[in-house]
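Chain naming follows the written order as A, B, C and D, and within any one chain the residues start at number 1.
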Amino acid sequence: MRSLLNVLVIVLSAALGLVLIGVILESPSPARVRLSEEVLMQIGASGVTHPVTAVLLNFRGYDTLLEVMVLLLALLGVLAQMGKQKRENPPAGFYLTEPRMQVLLWLARVLVPLMVLVAGYLLWAGGHQPGGAFQAGAVLAAAGVLLNLSGLLPSWMEPAWNLRAGLVSGLLVFLLIAAAVMMTASPGLLLQYPPASAGMLILLVETGLTLSLGLILAGLFLFLSGDAIDDEADK
Amino acid sequence: MSGALIYACAGAVLFVFGVTGLILLPHLLRKILAFNIMGSGVFLVLVGLGQRDGTPDPVPQAMVLTGIVVAVAATALALALVRRLLSLTGKIQFPEESEGLGRCWKNK
Amino acid sequence: MFDPVPWLILLPLVWGCLTFLTGVGRGGRLVLAGLIIQLVLTIILARQIVMEGARHYAVGGWGAPLGVDLYVDGLTGIMLLLTHVVALPLVVYARAYFSSQAEGASYFWPLTCFLLAAMNALFMSADIFNIYVTLELLGLAAVGLVAAAGSAGSVTAAIRYLLVTLLGSGAYLMGVALLYGTYGSVSLAVLEPLLATTEISAAACLAAMLMLAGLLLKTALFPFHFWLPPAHGGAPAPVSALLSALVIKASFYLILRLWFDLFAPLVTTQAAQLLGGLGAAAILWGSILAFNQTRLKMLVAYSTVAQIGYLFLLFPLMTSAIPGAAESAMQGGVMQLVAHALAKAAMFAAAGVMVLSAGKDDIALLGGMSSHLPLTLFTFALAGITLMGLPPSGGFIAKWLLIDSAVSGGQWGWVVVMILGGLLSAAYVFKVLRQAFLPPVAGIKFKPVIRMLEWPAFLLALISLLLGFRSVEVLNLLGAA
Amino acid sequence: MNFNAILPLLVLASSLVPGMIIFFLPESRIRLRTTLNLTGAILKLLLIGYMLWGVQHDQSYVFRYNVLPDLELVFKADALALLFVTLSAALWFLTTLYAIGYLEGSPHRSRFFGFFSFCVTATVGVAMAGNLFTFFVFYELLTLSTYPLVVHRGTAAAIRAGNIYLVYTLAGGAVFLTGIVWLYGLLGQVEFTPGGVAATLGLEYTAQLQVIFLLLIAGLGVKAALVPLHGWLPQAMIAPAPVSALLHAVAVVKAGAFGIIRIVYEVYGIEFAQTLNLLMPLAIVASITIIWGSLRALWQDDLKRRLAYSTISQVSYIILGVTLFGPAGTIGGVVHLVHQGIMKITLFFCAGNYAETLGIHKISEMNGAGRRMPWTSIAFSVAAFGMMGAPLTAGYVSKLYLNQGAEMAEMAWVSWMLTASSLLNAAYFLPILYRLWFVNQPQKWLQERIRARGRWETHGLLLIPPVVTAVATLGAGIFADTGWSPLFWVKLIAEMEYLP
């Protein structure tokens, strides 16, 4: 029975794959909308020059707002799963005390400042070439993970108010700007940036996002790594 | 057939692999990986089909960026849950379901 | 004119951030206040819809196809109102619940706020990619809430739920990709006329199948229901209530929207009959399984599986050519959705109170409940009346409309299913009620519960019962175009 | 909205509101509970008295409310409604008195009286329903509000009886609903109108209308305990005596019978029903029920069970009368609705008295109880003679008109059947009376819970209601021709139905 079901799933999936490929090779509808042209036409009013950033933070900025919320939600889910035991003086990367790990330690000390620099650059570059808040945030988070792995940054526990503030600051700034542009203009719409100040506002949003995305992404790792160490210690 | 369509077709294959794996693989980490493969497949189709006539289209690219972040978030949550399950039961599998889809229909 | 649309998305997000800032397990009062404001906003919005009809809202001012559009019409208004009317008593309930039982309380408030934000965003979205994001939001928030109980059972249920919801949205997104590849847009307002006027393409058909399949999986329609009972039955009671009453309805709402608007040129009578058949199977099979349960919350969860089935009967009924039959089918389906949401929230809340008081989730331990917690048992019974479709509840009006539609359309098979389903639901509801009339099991000592746990549940049940007298308003709102 | 329109609502509220308050009262607030109960009951009687007066002076009391754009909730206090409302309100008052005495000191009384009031509200709703939809709403509410009363004792046997009760009534309700929705689909609105509304459809719908009739009667027949749908009734005897009294005499079985009256006269119309050949099959079913119930009653030793089978038989007199085409049949059937109610409630009150006072549940234990409890036993005897159709009692009047009706409808076999039934009635009631009065009492009563105090052979509240209803049984028979008898009122109703 079980194997029969498995075979059924495989056969169905294969069929789905074939149909999918067939459909992909089919020619598109003649009435197809050319959205990329529209993007290029309107990009002047978006406040940035890179089309992907324009779509991401202006034309479809609403998606991005929700996307930040997705990350925050995942973090909340992770936080709710944190080990409930109270750790005193959390041991950070205790398994890295062996001498041969010194290389990693050294590497981290060199790399982390560089990574922060790169993150800043990515953030700034996002306006006119590939880059932006998410990439910058990811690099920042990676720096945090590296520090934790090399024992320089302790794992995080139940976040205190300052860390919590940092985690939601990006979303709050985003919300604040979204509401502000709506209320100052009349009739204002949600996330409707005035073309004149759009560039500045987007940079503001992106800066806020970089910081808190870095924290959130790092948190996804750092809030749980302490548990891993606890489990290890239990053994 | 343009280059973009090759990506899209590869995406279709990845998607199917991912779906099959997600349903059939018993180990939860593999399921999570399968989900990521599935997601990548969809992203490839999205971008590949979007620029089938050769010019890159920023809209699907932005969508894929959003999709990737969503996938990262979901993966992180899934991993956290699986870790939790590991520390509660010592297993990285559904307790009553040793393999495959099967048990889904059994309800007690 | 004041426009509540953007605020219904922004405000819950703000509450979510603020409750996260206030700290673990805190912020219930803030959410309560926030929800009252939102309820007022939804009422204003509903009035606007009735007076001025449906409208689009261009986020960022770009408009489709470049920007993301929101769209509100009567159905949106109903869903938004329903969400807030259900959520508000549940927030009061949850505050009392988590004060007597801390398990799962830690991040309940921010997760709930984000859940509500996700639902508001989903109901108003008119952009299939944006809908994908809201679906994921909703899924992650729901999974987080289920997992928060922290037991092995609830974590397992949460993982299963997460994987199912990810599979579902993966399939949905593939459909979006195909539609974008073929038509170059993700806006419903752009896609609808394109699909309606051009020749039907294979890509559109496949996209429709993938998207609907993904949503069916999330709606837990038979035979995709396997993930629902452990997830809904294992979560803390306020979470179960939110999930069973509202979250399931969100994906159903999308099916409704896509089926009758975007994919209207594609769907066939056979497909509608298939959905109806699955709905019928869900009604019968879900009810039988509900009756077989020994745990109260699992019984209620399986009842959700069964009740979802009724919603899908409207698809075959809508194919009727008789004028009026299709209209009553739609009205009946929406009434069923609303009535079930209210009743199921009440029922889960009442079940939670009983489990809390008995200390264990076991129907056999309910003896004596009728004198220990008469109000809660009464709540359960009132909610049961709606589920059984007995007068004067909203469920009865729903069933009346659906049966009326089936009879006048000559589709007798569905009449039999609905009648049988009503009787089967009576079987499982009374299985609980009659147990409560028996003397207490020897050795069991009921814990006293706070009043604030009992009244919100009762209020919900009462609304579901009295809905029958106010259905004209609901249908007015539904009819606003 | 004028006062006449809200009057039907007030009648409903006079038991609903006290019921809701009582439901949430703590167990210990006995006096407040009693006050609420009796205030409600008296208020209801006063309101009904006012409406009775009004209807005789050509006032109409109609309340309408749109539940759906084309679906109305209608309460209408027409002559037929008032007949049933008066019966239930009067008997409710007496049963409440009785129940207060009967349940003294027992647990869960707030719950009991709460549902008791809901039950009467539902009955009144059934009576005043102005269309089929409204009727159904209250018909189902009646099921729901009586279930907690049936299982009130919380014993395994009570729960089992409750299950059987639910299976029958909910299934019946579902069938009924199907018929109603179908009929609404054909007619748009199904308002109760003297002379019927279905005739407008014409004969091309014959087949559909016949099936719908079958569905409606099957749904109503469950509560009216038509054979073979009667199985729940003897089981439900497990309930406390006031509940049995209510189920059998007023609320449940009468709701079924009353529904059949409405369906035949005011939905189909008696003439159209005759044209569709619907009356004869119903008459046959009713006759079978009459004979079957009486036969089964013969073999019961448990007093309440014998009375239950007697109910099955007697309620079908009403239905039989309805099917006899012609005014006399109508009068006989409808008046029996009232007469049977008064007589049967007397019997159940008395049965409760024997059980409560002396611990007697079986007929074989009733030897000589007449001397120990003379008033109860006199009341019992009067009602039993009434059931047999003895002259000077209400039962005689009913049977007289039923026989006339059979003659007018040219159905001679019905007269024979009625005679046979009367003989059977005598066969199962006379042995009881014989034991009561002519057999010596045992040395010691089974379980004498209430001692006789002077002239009070039992608790005063247990004694007054059966005596009052027994007097009413005689009154309705002796003063049948006066302007205040049920018969007079029923003749008015029949006139309207057969008005050319």
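One rule holds for everything that comes next: a contact is a pair of C-beta atoms (placed from the backbone, for glycine too) under 8 Å apart; a residue touches a chain by one contact, two chains touch by 3 or more.
Keep in mind it's a predicted model, so treat the numbers as computed, not measured.
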| item | value |
| --- | --- |
| Two chains sharing the most contacts, counting C-beta pairs only | A-C |
| Chain whose Cα centroid lies nearest the overall Cα centroid | C |
| Per Cα centroids, the chain farthest from chain D | A |
| Mean-CA-position distance for chain C and chain B (Å) | 26 |
| Centre-to-centre distance between chain B and chain A (centres being mean Cα positions), rounded to whole Å | 18 |
| Intercentroid distance (Cα basis), chain D paired with chain B, Å | 66 |
| Separation of mean Cα positions, chain C and chain A [Å, integer] | 30 |
| Shared interface positions of chain A, touching two or more other chains | 20, 24, 28, 35, 39, 59-60, 63, 67, 70, 73-74, 77, 81 |
| Junction residues of chain C - those touching two or more other chains | 129, 133, 136, 140, 143-144, 147, 150, 155, 174, 178, 181-182 |
| Topology of the chain contact graph, where touching chains are joined (line, ring, star, complete, other) | other |
| Footprint of chain D on chain C - complex, ascending | 370-371, 374-375, 378, 381, 385, 388, 390-392, 396-397, 399-401, 403-404, 407-408, 415, 419, 422-423, 426, 430, 434, 437-439, 468-469, 471-472, 475 |
| Of all residues in chain C, those that touch chain A in their complex | 5-6, 9-10, 13-14, 16-17, 20-21, 23-24, 57-62, 65-68, 106-107, 110-111, 114, 117-118, 121, 129-130, 133-134, 136-137, 140-141, 143-144, 147-148, 150, 155, 174, 178, 181-185, 190, 194, 197-198, 201-203, 206 |
| Touch list for chain B against partner chain A, complex | 1, 5, 8-9, 12-13, 15-16, 19-20, 23-24, 45, 48-49, 52, 55-59, 61-63, 65-66, 69-70, 72-74, 76-77, 79-81, 83-84, 87, 99-102 |
| Footprint of chain B on chain A - complex, ascending | 1-2, 5-6, 9-10, 13-14, 16-17, 20-21, 24-25, 28, 35-36, 39, 51-52, 54-56, 59-60, 63-64, 67, 70-71, 73-75, 77-78, 81, 83, 134, 217, 220, 224, 227-228, 231 |
| In the complex with chain B, residue positions of chain C that touch it | 129, 132-133, 136, 139-140, 143-144, 147, 150-152, 155-156, 158-160, 162-163, 166-167, 170-171, 173-174, 176-178, 180-182, 186, 223, 226-227, 229, 289, 292 |
